[in-house]
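The following pair of complexes shares a single chain, chain A, combined with chain B in the former and chain C in the latter.
Presenting the complex of A and B:
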């Protein structure tokens, strides 16, 4: 990477951090703060899912299950054990990774659409297991009374949940950085190679199972931590976390933003969260609007916002740094 | 023994319902090479349409039910034009269709909620026939399901085997390029396939709406079971689907009888995952037809 490209990348990341830092100071009312928190959580989830769905091209519909497993892990740990609540977050990531090992079993021998069926069934299986183990999970009542996270003496809920916002923002920043590093690494390149020409990639010594397993586990870890975050934020966990609502919401974010793009899902998370909130009182119309959003994006711009941004005329500034691989070039090499 | 005969009735009813669902999914899968996630929602919509024709328009039972199924065939035309054909030729088209039909599910379920409200509805019992066999009783809609499902799917098999359109469907299944060289238009065949599949799902919806209730989420469970049937019988073969549907019906009836309603789906899904690991091409298929 050229020195100039390096400088551009650094300034981009610094700007991203500054924006995330300043946002809650601009928007101070509790409702907008909550929206910001949801955006960080959805952004994190959408990016984690995009690793498998977008970059690796695996029909992974179990991501919601990993989110749910994370949420339930935090819920159970925080209400039934005396564990430090902060430890529950990383442990939720670990338990989601363990779940992903089970969900990965069908991926070993199946391809394409069959993986979609098996992973979707896996997430339904999680619902039945949670309902069946009512002693541990509260069954259909869910888990209530999850204690809030505190930092020293201050609750993260204080001052319009600003603590939760900064936790979410830090996690989102970390997730973005992680996705960015992966897409630049040999792992990321080999995933694209497998997705676009599996026979050739395998013949060059790339192991499909190993690379897919790694990215599956990383994506699950991100979702698990996000699930734990969600449990602390709401104070309750129910089987909704495995539900259709989250699934379609996240899919609309990924495809609106652009599957297979690093930053697209964040843009998608912003737009969809705001739209969904604006239609909060519209009942079933809200779901209709989100479904139509998915369909229109698929019809009109199958590469999403990221694809539209790429097709804009190149500004002069960009051309000057053209030697540096921009995040989009990885995708354009297909 | 009443236990065994109760299981038998349950197997035939469940198997018939899953057969109607899975046969359509298999047909779409083998010709279009895409998966219709919206099949459960279409089942639900068919049930609501028939209910409306029956209760609101006051039509006689048989006419209302047939009308509902025919109306769903029209919905099938729109479905194919909007959700399948725009994506099927694009790179990564199978994932796009999967996501599009998932969005369609959301659209249909929310639409049903708006049109018909949240209170559950029911289609009255179909007929008053009653057959008693070794202590087990099958009556009304159950009896209709036991007979109608295999008859309809048998008819479909016959159409595929004997008629001109059936021949073109099979030609496209086996080799798309060669079929096109012979002057077969894929679009016409796709439309036929989608209409037939959705029609069968609508029949399943009517039957299920009479055996149980009609609600916006009524199609979710049958869709999941149809997944399992596909895994079991191998997607893309009608014979495998028929055997798979009744095998899953039997498995569900037995596990429900001995382990209860909450454990039965877990065991059924576990069986599916094990089968997929051991025989990815489907338990009942000896060879995989090349795509």
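Presenting the complex of A and C:
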């Protein structure tokens, strides 16, 4: 990357960190704080899913299952063992990675929408597994009484859950950085190559199975940690975490923000969370309104909010950065 | 002295249901030569390329021997990393990537090593070698036909293949671009790269190939020097039908 491109990237990341840091100081009421926390969690989850769905082009509907596996792992560890609750978060990521190895099996042989069907079935199987192991998972009652996270003597719920916000913001920042690093790496390059033309990519020495497995596992790890975070935030886990509600909500965020874009899913998470909250008294009309919003945005900008942003005039400094020999896609540069 | 055989297909056969697409085909490609493959549409040329590279099919029977090793049961990735690279009949490029990133894919993954590392200098060298000028950060999906073909060749060349299989490189080009392509391929061959070229534009094979084979209905009907092969009555009949040469 050129020096100017580097400077721009650093200033962008610094600004992003500052905004995440300052937000709870600007929005101090508990309700808005909760919204901010949800945005960080949804943003993180959307980032992980965007890796497989957006960048790799895999119709992976198991991402919600990885979220659920992470949530249940945290719930079980925090209530059934004496483990340090903070350790439950990374272990949730690991358990989701293990689940992803099973969910990946259909990806070995299937393509396109068939992968979508098989991975969605995996999510449904997780529900039956949870219900069938009621002694461990609480069955249909779920797991309740998950202890709150504390930092020393201070609960993360104190001061309008500001601790949870900063934890969520740190995880979102890390997830965004991870996705950015992947898209700039040869792994990211190979994912786009496979998505564009699998036969050509294979003839150039790229292994579809290997690259897709790697990104599947990374996406699952992010979702698993997000699930663990969700369990600590709510204090309960139920089979709702595997449900269609989360799936459609997350898909809305990704498509509204722009799949295959690093920052789009975050924008999607902000818009969908805020709109959904504003319309919470509208009953069924809320979902209809969100669906209409997504349709309008995709009609005006098929590549979502990120595509809309890219179509804006490009300042000269950005052009200088775009000329650098990085694996950044042309889409990203536009 | 005859150069050693780099690629050999021995009695390679492939059928799709009741259609025998490639019927006990045997060819030998010697190190350093340009070998041509011709034949009417549906003769099995591209299927044979797919069988040689394992993309996306494997032979029902027969052997493919590349650089002394049987490869018919190897993965396409293994074959590619062993040094056998190909291009496709359609001008396939990675459309969401820039010109430079297209070549980076070949550089990072096409080499023999296990780790994906790209070589900036070799990418630039490959793009210069195919004479693909202009801004290398421009989108690949906006390239002209000849430039897409150049890019596809550069992406194959960047990892230094020992054998390059080109599937109809001159298809769709006007005579001026065909001439440019012949010069380009002759230049690549001059640096020691062995090539197998499928081509309908027979002037390309006449200009480049030392030997060639003609396939018809999945079988090799003639093998030899282009001047002899292209005047062979069996070839004329394959293209024009019985009595077509009269």
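Methods note: the second predicted complex is superposed on the first by the 308 of 334 C-alpha atoms of A that agree within 3 Å, B and C clash if a C-alpha of one lies under 4 Å from a C-alpha of the other, contacts with A are read in each partner's own complex, and residues count from 1 in each chain.
Going forward, contacts are C-beta pairs under 8 Å (C-beta built on N, C-alpha and C of every residue); 3 or more make two chains touch, one makes a residue touch a chain.
Please read all numbers here as calculations on a predicted model, not as lab measurements.
S.K.: Thinking of the overlay built on chain A, is A:190 touched by chain B (first), by chain C (second), by both, or by neither?
M.R.: A:190 sits against chain C, while chain B stays out of touch.
S.K.: For A:312, using the defined touch cut-off, is the partner it touches chain B, chain C, both, or neither? Pick first, second, both or neither.
M.R.: Neither chain B nor chain C is touched by A:312.
S.K.: Per the contact definition in the header, classify A:205: touching chain B only (first), chain C only (second), both, or neither.
M.R.: Touch status of A:205: second partner only.
S.K.: For A:25 in the superposed arrangement: first (chain B), second (chain C), both or neither?
M.R.: A:25 sits against neither chain B nor chain C.
S.K.: Taking the superposition as given, does A:300 touch the first partner, chain B, the second, chain C, both, or neither?
M.R.: In the superposition, A:300 touches no partner, neither chain B nor chain C.
S.K.: Between chain B and chain C, point out the one touching more chain A residues.
M.R.: Between chain B and chain C, the winner on chain A residue contacts is B.
S.K.: Mind listing the chain B positions that touch chain A in their complex?
M.R.: Residues 29, 34-35, 82-83, 86-87, 90, 92, 94-96, 98-100, 102-107, 109-111, 113-114, 224, 227-228, 230-231, 235, 262-263, 265-266, 269-270, 272-273, 276-277, 280 of chain B touch chain A in their complex.
S.K.: Which stretch or stretches of chain A touch chain C in the complex?
M.R.: On the chain A side, the touching residues are 186-187, 189-190, 192-193, 195-197, 199-207, 322-323, 325, 327, 329-331, 333.
S.K.: For chain A, which residues count as touching chain B in their complex?
M.R.: Checking each residue of chain A against chain B gives 53, 57, 59, 105-106, 108-110, 112-114, 116-118, 120-122, 124-125, 128-129, 131-132, 244, 247-248, 251-252, 255, 283-285, 287-288, 290-292, 294-295, 298-299, 302.
S.K.: Show me the residue ranges of chain C that touch chain A in the complex, using the header's touch definition.
M.R.: Answer in residue numbers: 53, 55-56, 75-77, 80-81, 85-86, 88, 92-98, 100-101, 104-106, 108-111, 116-118, 120, 123, 137-141, 152, 155-156, 159.
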